[in-house]
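Each of the next two complexes has chain A plus one more chain, namely chain B in the first and chain C in the second.
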Partner chain A sequence: MTPRTPRVAVIRFPGLNCENETRRAVLAQGVDADVFMWNGPTDELARYDAYVIPGGFSYQDRVRAGAIAAKDRVMDCIIEQAAAGKPVLGICNGAQILIESGLVPGLGDGLVEMGLARNIMPDRDGYYSRWAYLRVESAETAATGGLAVGDVVPVPIAHAEGRFVTTDPGLVQRLRGNGQIAFTYATPDGTFSNDFPWNPNGSTAGIAGISNPAGNVVAMMPHPERCSWLYQVPETLAGEWGRRRRDARGDRTMLIAPGPGALVLRSICERLFAPEGG
Partner chain B sequence: MTEHRSTAVRTIPIIDVPDDELARETAQAGLSFTVSEARKVADLLGRDPTVVEANIFNTMWSEHCSYKSSRAVLGEHLPTEGDDVVLGPGEDAGVVRLGEVDGESYCVVIAHESHNHPSQVVPNEGAATGIGGIVRDVYCMGADVIGVMDPLRFGDPAGEHAERTREIIHGVVEGIWQYGNALGVPNLGGDVYFDPCFDDNCLVNVVALGLVREDRVIRSRIPEEARGKVYDVILVGKPTDPSGFGGATFASRILDEEKAFDDKYAVQVPDPFLKRMLAVATQEVLQFALDRGIPIGFKDLGAGGIACATSELGAAAGLGVSLDLSSVHVAEEGMLPEVIACSETQERYSFVVPREISAEVCSIFNERFELPEICHGSKAVVIGKVIDEPRFVLTHEGRVVCDASTEQITTGIAYDRPARPRDRSVRPVRIPPDLDLGDALLAVLGSPNVSSREHVFRHYDSEVKGSTAVRPGEADAGVLAPIPGSQLGVAVSCDGIPRYGAVDAYEAGARAVAESVRNVAAVGAVPIALTDCLNFGNPEVPEVFHDFVEAVRGVGDAARGIGLKDADGPVPIVSGNVSFYNQSSTGNAIHPSPIVCCVGRLDDVSKVVTQGLKRPGDALYVVGVRGAALGGSALLEAIPEMTGDGAFSRTDFDAERRMYHAVTDVIGEGLAVACHDISDGGLVTAAAEMILSRPEMTGLGVVLDAASLKSTPGEWSEIAALFNEAGGYLIEVEPEREEQLVEVLTARGVWFARVGETTAGDTMVVRNVGASLTTIQGDAMRHAWFHGARDAMTGRTGEDGR
Partner chain C sequence: MVQNVTLAVRLKITDNEAFSALEALHAKMRLEREVAGLVRETLWDLEVVAATPDEARRIVEEAIARTNVFLNPNKHYHAFAPAAGADLDPDEVAVIVTDREGAESPRALAAVARAGVPGITAARMSTRWRIRLTHPPEQGRPEALELIQRIGVTTGRDAGLLANPHSQSVVAVFPWGGQKPLVV
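And now, the complex of A and B:
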């Protein structure tokens, strides 16, 4: 019997706005993917193999970014399924929702241990859009399983509140020890840097994405769905990916080759094809 | 109708009232009618209008809705038709064919408007509702919005009103990102200029682009099927509140006489969250109707609210509507019928659907998307029905408060305004003899009107939806690949340089067209449509109106003279807007400010070219002869010692046409690796920008040979040639492709020259005629370019604000 094609639910909370392109980028990894409404039946949701919470402004960022969606009924279901080991990826506002739900970093049994605070940037405030160079810090998470520590993955950020913060002075050290820091911000050659604009929002320890201790739930601020194909990559990007984009000019086939973000989504989806208990 | 009009229906007495008293009465009623306009209303109706009717006519006859000063001029000068134009001006947005994918014809929908006055008064909300309004115009054609752009004009950020100007800039940019980013449409930039003439009147124009299959375009009209069938009118969106209703006088009087009425309602309140919900739910409604083959009507509510939208839906079909204003969901108790009918509450649409699907359409909004719970009482409700005769009937609490012909309401009025040329003394431009080329370039690069716009565009989400191929700052135009799986691309650019408006209105219009065409051609796209937003002072001033006519003439002549590439005929102007009265109470009018947007098509988006240099050892070619005139130039503005306002390089339509044909040929054949248009600051500035447009990669430079620009024998100024702003392009080409490039350029009959080479040094070197060398360091150029506008806009001088 041929195995069933894995199915990924891309959650639509009211006010999210990246669900369609996120679904497209997930579909490109050879799995099935649906946009699943926040008020849809949870028994149906529970049958999906993985979950992606995309970017946007869920519930208008009322109270705090992600705070209301984190209390939504579908999140109870996702929390249950995450505990059973299914992969969950939160991107941008999706990351904010995972943080607010306590799923990540997830050391304190549902406690909210971190926050995603307003960007701190020299001489500007508010929203900031830019391509960031991510350094893979741990290959043990669902989003980095297909990558190696030290790999450079350029991915665009676009947010006003993306600065990982915590009041627990030892937390970052514990996250690092557990291999929960998936990505940090770096220079184009992959050297960790806390300097603007490489670290574009003042994030603590340059954190761009973190996981829960088991590694199956990942919250990341950058948008892998916006760089899943080479045509989405800027020609001016430094390093290997910029060179690939420039070399692809005029070549339709090359231009729809996978971009750096596809590596992140592929890591998630490859888990779904892995043999049971493997 | 007299039998059911009770005495409680308030009217505006006109027929038996003498002129002076009438003027006072209408002003007191908050109506901006002239006396003759008021009399015309009574003539049309054959009686005194009700208060509701008077307010409806007042709105429909406003300059904003009726184009009463401009319509005839636009009709005379602007070409609006073409083989690929599906819908030209007249509906909410223009529709033009983009191309076929898998046998289906896809169209670009484009709308262009201004939100100038609101943005000057309440910058954040004004700019936000500007986006909110323009995207509604595109959504209601059945399209998905795929991008927006904001051409912005601000006062002098270092001038007399610096503090207020900076507040306005901050508020406008914040309003744009807060709305657009939350709505989830990529902002492809636009442009920004500063001039003291905008101190009292900033310009916040906005363009929205949509994509729709040609067979799915929805008209803003009641479908023909409604003639034999019951069709309901559905209102969906935010509860109607008094926001944006009428003038302050009227509001105050009502406040005294009737209900509590809060001043806060003078401001329209943007809600991108609700707009996003409406956009997603609407797609399901449109699909629902499409699946069942049921024709529907769909229109957004903008100026004039319910009355304007629904009467136009009826008039377009020669039918009427009958609505019960009491069934409209409202934000507060006791709202007056004229307020319900005419308020401009944001985030609302109306649908006209057959009764058998009304309940289901409403339930998509109300149950599936839970609008009432999630969006504070927003919902979809049936507020009336289509009627066979072409009348517009409104009832409120059981009484008829409006009963007029839809045609009379929507036909509008027209004025023939007097025009008179202004006196303009022209003083020749003098270049100081000791002006150093390097200093001049750094002054231009660091001037607010030329330097990098990065500070602004990094506030915008340019990549949401995942279809952006070229972002702001990377090239002259933004580029989208909006159809997944297809290589079809859309390029878009907005242009209009205030400095040329100051010297010549015709040239300002012509140049705006030429530059927008050049910008889309510089990425390899061919123009398929234009839109214009014409921003001017008070049209009742003959000099202002003359400028307006001249600018429109310039736009029209350029659209015809430059023309399409793959077919005969003008680049059609498919949509547009006129904004008059951009004039302060002290009488200062803005410079004539025609702003033009060009949409271009790329058959193969993989061929798109950006402006940053690619590698050392390539050749640089200039296309387009360099003139000597510096009137209107960025150099003149940047160098205080330079004086005069004399001759400028006039846009040469024939040359522009040949050049863009040549450049798109070059890019289509894969011969260029970088391309940038020559505009503000001339050739030398364009070359510097090609060095600087690679923020993460330094280490490339250029060597330019100024003597190569000399096109005619005789006296010659190298500074003038380097900074002259005649239209043109700079192209980077690999040495092995030079021969082919020369062939293509020659075949198209354009003036061109090999002006230099790219180098591995982070410098610009200019070889002068006398064989002396000027070397400008990359760091100095970068510093000037990154800091110029940013420091001016923020008043900050920090080192790292990138």
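And now, the complex of A and C:
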């Protein structure tokens, strides 16, 4: 019997705006992907093999980014499926929803243990958009399984509330010890940096993405779907990926090669093809 | 002399954000029996160099008239907020939510300076949620505080909505004038 192609649900909450490009970037990893409405039947949702909550402004960021979507019924299903080991990726607003739902960092059994607070930047405030360089800190998460510790993945960020914070003084240390810090912000050569603009929002310990203890749920502020093909990388980008993009100038075959964000999405999807399943 | 002025700004039109928050409290947190209504206000805590409180308020009114940074008069009401809780109805409590970092608004100060209004030296923004309860809170009884904690401080998916305590501070205000910081 031919093995079934894994299916990924890209959740569309009202106000999200990255679901179609996210679906397209996921499809490019050789899986099936559907945009699934937040109020769709959860028994149908439960049949998917993995879940991506994309970026945007769920419920128009009313009250606080991700706060209302985190309480939606659809999250009951995603929490249940995450507990069963299925991969879940939250990107930007999706990350805010995962944090507000207590799925990540997930040390306190449903407790909300962190916040994604307003960006703190020198001499400016509000929404900020730029390329960030992510350093892989743990290869044990669903989003980094195909990468190695120390790898540099340039990925765009675009948010106003992306600063990982917590009032628990020991939490970051525990996350580090558990390998739950998937990505930190870094310089183009992969050196960790907490300084602006490398850390673009003042995030605690330069955190750009974290996982739950099992590693199957990952919340990341940068947008891997926006750099899933090499043509999406600017020629001016510093480092190896910028060089590859310059080398590909005018070469269509090279331009449609996977970009850095594809490495993140591929890590998620490769889990679905693993013999033991998601 | 520095005078502290608190400006409360509220939408004239329907506040979709308050509507969504109330809907979440009712439909997602099952508090329809406890919470009857919700109004959102932006509070501006301003430090104004002025000889008297009246002079400080006049400076703030001038800043409102000459900039659009605090409010848009076409769609907002504004009032100078009295001492904590004094403007609440007997069946109301309030939750004031302030970002722990980043609540100061250098953009507002820059706009005021550009407009040539002297004297405003600090501007800090908070959100005040006025919560109308089905049963008026009673002074000295713990139920109101427990309910506000349940509404105001997000500790889990089913507990709390209006503030994330990891990034925001929360103060409960009661109609009898009492105030209490809420903590996890």
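The definition used in the following text is that the second predicted complex is superposed on the first by the 276 of 278 C-alpha atoms of A that agree within 3 Å, B and C clash if a C-alpha of one lies under 4 Å from a C-alpha of the other, contacts with A are read in each partner's own complex, and residues count from 1 in each chain.
Operating definition for what follows: contacts are C-beta pairs under 8 Å (C-beta built on N, C-alpha and C of every residue); 3 or more make two chains touch, one makes a residue touch a chain.
What you see is a predicted model; the values in this text were computed from it and never measured.
Participant: Between chain B (first) and chain C (second), which, if any, makes contact with A:Val165: first, second, both or neither?
Facilitator: Touch partner of A:Val165: chain C, not chain B.
Participant: Quick one: is A:Met114 in contact with chain B, with chain C, with both, or with neither? Answer first, second, both or neither.
Facilitator: A:Met114: touches chain C, not chain B.
Participant: In the overlay, answer first, second, both or neither for which of chain B and chain C A:Tyr59 touches.
Facilitator: both
Participant: If we overlay the two complexes on their shared chain A, which of chain B and chain C does A:Asn17 touch? Say first, second, both or neither.
Facilitator: first
Participant: If you count the residues of chain A that each partner touches, which comes out higher, chain B or chain C?
Facilitator: Comparing touch counts on chain A for chain B and chain C gives B.
Participant: Which partner does A:Ala248 reach: the first (chain B), the second (chain C), both, or neither?
Facilitator: After superposing on A, A:Ala248 lies in contact with chain B but is clear of chain C.
Participant: Please indicate which partner A:Ser228 is in contact with in the superposed arrangement: first for chain B, second for chain C, both, or neither.
Facilitator: The first partner, chain B, only.
Participant: Looking at the overlay, what does A:Val149 touch: chain B (first), chain C (second), both, or neither?
Facilitator: Neither: A:Val149 stays clear of chain B and chain C.
Participant: List the residues of chain A that touch chain B in one complex and chain C in the other.
Facilitator: The overlap between the chain B and chain C interfaces on chain A comprises residues 59-60.
Participant: List the residues on chain C that touch chain A in their complex, please.
Facilitator: So the residues of chain C in touch with chain A come to 16-17, 20-21, 24, 28-29, 99-102, 105-107, 154-158, 160-168, 184.
Participant: Sort out for me which residues of chain A touch chain B in the complex.
Facilitator: Of all residues in chain A, those touching chain B are 12, 14-15, 17-18, 20-21, 24-25, 37, 39, 55-57, 59-60, 122-124, 126-130, 156, 158, 188, 196-197, 223, 225-226, 228, 231-232, 234-238, 242, 246, 248-252, 254-255.
Participant: Quick check on the complex: what are the chain A residues that touch chain C?
Facilitator: On the chain A side, the touching residues are 59-60, 62-64, 67-68, 70-72, 75, 79, 100-102, 110-120, 125, 163, 165-168, 202.
Participant: Which residues of chain B touch chain A in the complex?
Facilitator: 174, 177-178, 181-184, 272-273, 276-277, 280, 368-370, 374-375, 455, 457-471, 474, 481, 484, 487, 604-610, 612, 614, 670, 673, 693-697, 790, 794, 796, 798, 800-802
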